[in-house]
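Chain IDs A, B, C, D, E and F follow the sequence of writing; residue 1 opens each chain.
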Amino acid sequence: MVSRPSGRASDAMREVKITRNYTCHAEGSVLVEFGNTKVICTASVDASVPRFLRGKNQGWVTAEYGMLPRSTGSRMGREAARGKQSGRTQEIQRLIGRSLRAAVDMQALGEHTIQIDCDVIQADGGTRTASITGACVALVDAIRWMQREKMIKGDPLKQMISSISVGVYKGMPVLDLDYPEGSTAETDMNVVMTDQGGFIEVQGTAEGAPYTQEELLAMLELAKKGCTELFEMQQQALAE
Amino acid sequence: MVSRPSGRASDAMREVKITRNYTCHAEGSVLVEFGNTKVICTASVDASVPRFLRGKNQGWVTAEYGMLPRSTGSRMGREAARGKQSGRTQEIQRLIGRSLRAAVDMQALGEHTIQIDCDVIQADGGTRTASITGACVALVDAIRWMQREKMIKGDPLKQMISSISVGVYKGMPVLDLDYPEGSTAETDMNVVMTDQGGFIEVQGTAEGAPYTQEELLAMLELAKKGCTELFEMQQQALAE
Amino acid sequence: MVSRPSGRASDAMREVKITRNYTCHAEGSVLVEFGNTKVICTASVDASVPRFLRGKNQGWVTAEYGMLPRSTGSRMGREAARGKQSGRTQEIQRLIGRSLRAAVDMQALGEHTIQIDCDVIQADGGTRTASITGACVALVDAIRWMQREKMIKGDPLKQMISSISVGVYKGMPVLDLDYPEGSTAETDMNVVMTDQGGFIEVQGTAEGAPYTQEELLAMLELAKKGCTELFEMQQQALAE
Amino acid sequence: MVSRPSGRASDAMREVKITRNYTCHAEGSVLVEFGNTKVICTASVDASVPRFLRGKNQGWVTAEYGMLPRSTGSRMGREAARGKQSGRTQEIQRLIGRSLRAAVDMQALGEHTIQIDCDVIQADGGTRTASITGACVALVDAIRWMQREKMIKGDPLKQMISSISVGVYKGMPVLDLDYPEGSTAETDMNVVMTDQGGFIEVQGTAEGAPYTQEELLAMLELAKKGCTELFEMQQQALAE
Amino acid sequence: MVSRPSGRASDAMREVKITRNYTCHAEGSVLVEFGNTKVICTASVDASVPRFLRGKNQGWVTAEYGMLPRSTGSRMGREAARGKQSGRTQEIQRLIGRSLRAAVDMQALGEHTIQIDCDVIQADGGTRTASITGACVALVDAIRWMQREKMIKGDPLKQMISSISVGVYKGMPVLDLDYPEGSTAETDMNVVMTDQGGFIEVQGTAEGAPYTQEELLAMLELAKKGCTELFEMQQQALAE
Amino acid sequence: MVSRPSGRASDAMREVKITRNYTCHAEGSVLVEFGNTKVICTASVDASVPRFLRGKNQGWVTAEYGMLPRSTGSRMGREAARGKQSGRTQEIQRLIGRSLRAAVDMQALGEHTIQIDCDVIQADGGTRTASITGACVALVDAIRWMQREKMIKGDPLKQMISSISVGVYKGMPVLDLDYPEGSTAETDMNVVMTDQGGFIEVQGTAEGAPYTQEELLAMLELAKKGCTELFEMQQQALAE
């Protein structure tokens, strides 16, 4: 039996914490922690929409992602100083935006934009899945704020979204890879789900050997288990 | 029964053509056509490696992707003129590079880099999957050139790689989406496989409604069928 | 008697081919070949004009130029990846735009822009002159399309434009330099003419020794001969 | 008597908290809070020096500064996405670097660089002074880490540095301006001091009316009082 | 007694010359010389305001600063070629703009922008203080031009502004540092004053040892003396 | 008979002044004036060569060009602030560099680079031809400096270079166009010559109607006359 570096069971997630109202200015502000991975997720409401949507009577949700330079083991160059976002950063923020748009009825949102910002202050693997999971809570807080402010009438929230990583580590399908696992796993898969059990994104990459259909199915089972637990934690956080 | 805009059966690919030696300078140069989608794929051999690999006695494969401004129905801005590659471009070229690295034994390649360039001259959906499929043939030609030039001794080619898109169109799983289908499909999935049946990448995105596990499995079956056909066409092209 | 690397007579052009409707989306799309130099020229119609022309009741023609990274003997960096167009690229695209504007009556074009894109897929010298010659045919196709679409009433085409390079190679004035000649010629001159025999541009650069007025006149004679032949080929292509 | 928006006495600072080891990867990591202003300050040790110092047998301290997009009342554009740091950002990070270099004996530091990163997660005025004050504690932690790791022998710490803002608000000199004060004050002055009472930087700007020498002297007295209190808090934090 | 490299007394400025109408196109154009430091200062009038001021019935003054590449002892890279302005450049141009805005009543200026450009053609220390002093004269000329053109009715000039550097050189407070002094001085302070004796900016930086309050006061006295002399020279130049 | 806006005869140049040692730091520094066009040309000696020439035992000459923002009738944006040089700027600086390389024997220059900077402080047409003419004098001064400093033994100066613009204005060939002529001329041609009567560059552009061979020849005659006069003025300046 393979043992994980963290000692966790193959289907065990790290401890997850979701802290609402973490900073004071944003309409939604959440600190999400997946073990040592810590991300500040804010949702900002803007009373306008991007040019391509003007006059279409609908809203938009978009996202940006960043890492503090020393959120990682060795310091990364600051993207603002280098003058461009890396391909990895752009890929992740496109994923976050696409995932959260699945949570929202754009007609019901009206001509407003909710801008998500996910900033990693400490990284230990799974920053994109933590970002999506935390940002969905910030998004709900921003929507509730809009309702209190009478900016919208109905409820644009269609469903909750959560995300978890799974992978194949030394031949064993595992849930919620931390950095030591993720950097050596044969396969790394990020899954985004709805709280009704549908898939929004499945992105599985063989880093070493190709993976089989059996491994793919085993990873999907783990992801479903993980997302189910995350939906509960989101609800607990929102109930506080 | 849903009918596809192209009239194709749900499991039918478009006509695929692979033309080797399409341009004269590159060590490998292929024009790949998936119906109206046409991509020039070149493989260029460079007798050095990126800084992070120097002295490690291994090679590298990397890729860049671009579209001619008027490869599309309405003209896109030229990325060179705007001064940056879009997030989509970066995402695609990262995928192509990752996929083709799975074809190569980096130790056997020695301290050389094979640079893949995929430039779309006409687009009708599926440009990234056509790029991967065509670039793998260009890659083989570049490796054969290196062998003839005595730059390497063994054979760094581990396996062939091909790629196809699948999706759910009006509720029906379909193979090889063209632009009219891809722009309205509920789900779009790109699959990269090895000729031994393993998965290198599975990237499935719900554009509209979430997709179910049954749909996911049906799409994977279609992708396997498509990749199998593509491996045959690659072999025919390489045999000429 | 000096012999040219290609074995051509001093006043002989390479084989020229002009293929219309080379790609399917653009209003005008031409593959132009001057021997091994191959350029895709498209003309795209846009129903607006740049800011500095708004409300002036006239149109505009502008051009962009690029080379595929491996259109050349050794791979060039991709301009989109480096984040800027080189000085050479900008110089060439300014020349192409200026040359083609001489073909068009801007009042008759109305408030439309014709955007020319010249993308070199294989280079062997003379890419800018091939671009101008091919783009003029694409421009005519775009204008004819506008007439069929009833976007304009009259005919904004004033005259045809073609372009050829001439030079002094080992003391001998020669027509239509290919890459081996152009990289060693003492003088390289690009000439753009109208089909009525006027000059639009003469750009002659001494790469080695200065050139004399006699050499200049000899080069101009060759250029006139070359442009005359190119006007015939443009007409043949347009007649098909 | 003028009353401050916060109700504080004219010579009263906001509550200051300095939390060491706030994140886990950096050699020094501090969360500094001046009331609602919260900044993560990390100090990263790098075993090299910038090019202009190579071979000079001395070290370097440099700094970068950033704000999370929603650290402020209305969302600011992300500098990494815009592709450049603002003039304000550059001015602040130059000030932070210059100030902290005054704390360090560069010869004793040897050929190492300490990179300071100050990232504002919540802003309410005084972010640059909080950054300097917090970063000095992170710097000490990084130096202590280098000593434990035997990277250096002696102690490169020459003196502690702290910084506070002062200003003239409705004619009254005040200490430690928060955002509502700073945005309406006639004069805003940032002072950086050593724990031996010397001045490292005095930067006083009249936003409205010019200030007199008397006002300048009154502000300096307040700054001395503030810095003295900050040095005590730094020592308490370092003693924990 | 310490002697200055230039042989000047500690409170002696270099020879200052202010030449109006130095170039012919700008509404105000001044060559200012502080010894060997020579700066062309122009003031350009634009009949619009930046976006953030539109409709507010007030004007704006802003500034840009540059150095010719060989204005200095060894050639500096050209900022336009490198594609960005350095932090130092941005800091200086922000200072110039802020200083000159103190000279102008923005309501009286109406919806106009005065754009200041300070370009150093020869540098020998003190370029920012010479820029501010010279630009204020160009600003007056631009305002007088606007009055003659009937663009404004009243007089938006509130007060004159001048600027001088002071420092501590080998322990001695000195006025108007040239490059040899400035590059070795322990402290460098730039002071911007109004002709009514108020302070607009005081920016004092310890380059080596910290400075004491006594040194600060001595430097301020020198600065007052220097600015007083500069106001006289501005008036003489404006009287010509 | 057409009269020129300036009242000059068709073959009359504006008054030309060449002032050496205009600024004090550069090895060669010239203010060149063609009437109201004023350009500072400096030549800076660097004891290294660009990467592509290392180890080839030869030198290099390169050039950069800029315009002060208010050198023109209406203010141009500062290229350093916009973050890029325009196509026009790049075209001109490539022309200047190419022209001056014709003056120098690169082997005799040894492994040194002479960097030319041409900065327009006042523009009235013909800035590129004035730049080339003035920069050649600065180049000679830099070469003489290198000889005095014993950096080189022989004399790398092969020949003098000068440049003038000619054109067709209202049907009349004219010499040395100023801005009012240049902006309305049908044809604008820049000619670069050697003092032995050879052509380095001929760049003739039809802005309106195409030009005939007769006009081309007439313009060349005028250019020869102009360059001959410029060579005399260069020699007078160098003799002082």
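Miscellaneous remarks
Just so it is clear, a contact is a pair of C-beta atoms (placed from the backbone, for glycine too) under 8 Å apart; a residue touches a chain by one contact, two chains touch by 3 or more.
Here is each chain with its UniProt name: A, B, C, D, E, F = Ribonuclease PH.
The shown structure was predicted, so the numbers you read here are calculated from the model rather than taken from an experiment.
Looking at subunit E (Ribonuclease PH) and subunit F (Ribonuclease PH), no chain is in contact with each of them.
Shared contacts of subunit D (Ribonuclease PH) and subunit F (Ribonuclease PH), meaning chains that touch the two of them, come down to E. At the far end from subunit B (Ribonuclease PH), in terms of centres built from Cα atoms, lies E.
Counting the residue numbers used at the interface between subunit A (Ribonuclease PH) and subunit D (Ribonuclease PH), over half appear in both copies, so the two copies meet with largely the same residues.
Per-chain CA centroids place subunit A (Ribonuclease PH) at a distance of 51 Å from subunit C (Ribonuclease PH). Taking the mean of the C-alpha atoms as each chain's centre, subunit A (Ribonuclease PH) and subunit B (Ribonuclease PH) sit 28 Å apart.
A straight line joining the Cα centres of subunit C (Ribonuclease PH) and subunit D (Ribonuclease PH) is 59 Å long.
Residues of subunit A (Ribonuclease PH) in contact with two or more other chains: 83-84. The assembly's chains link up in one ring whose order, counted from subunit B (Ribonuclease PH) toward subunit C (Ribonuclease PH), is B, C, F, E, D, A. By the touch rule above, subunit B (Ribonuclease PH) contacts subunit C (Ribonuclease PH) in their complex via residues 23-26, 29, 36, 38, 40, 42, 44, 46, 64, 66, 68-73, 75, 78-81, 83-85, 89, 115, 117, 119, 121-123. Per the touch definition, subunit A (Ribonuclease PH) reaches subunit B (Ribonuclease PH) in the complex via residues 84, 87-88, 90-91, 93-94, 98, 102, 189, 193-194, 196-206, 209-213, 216, 220.
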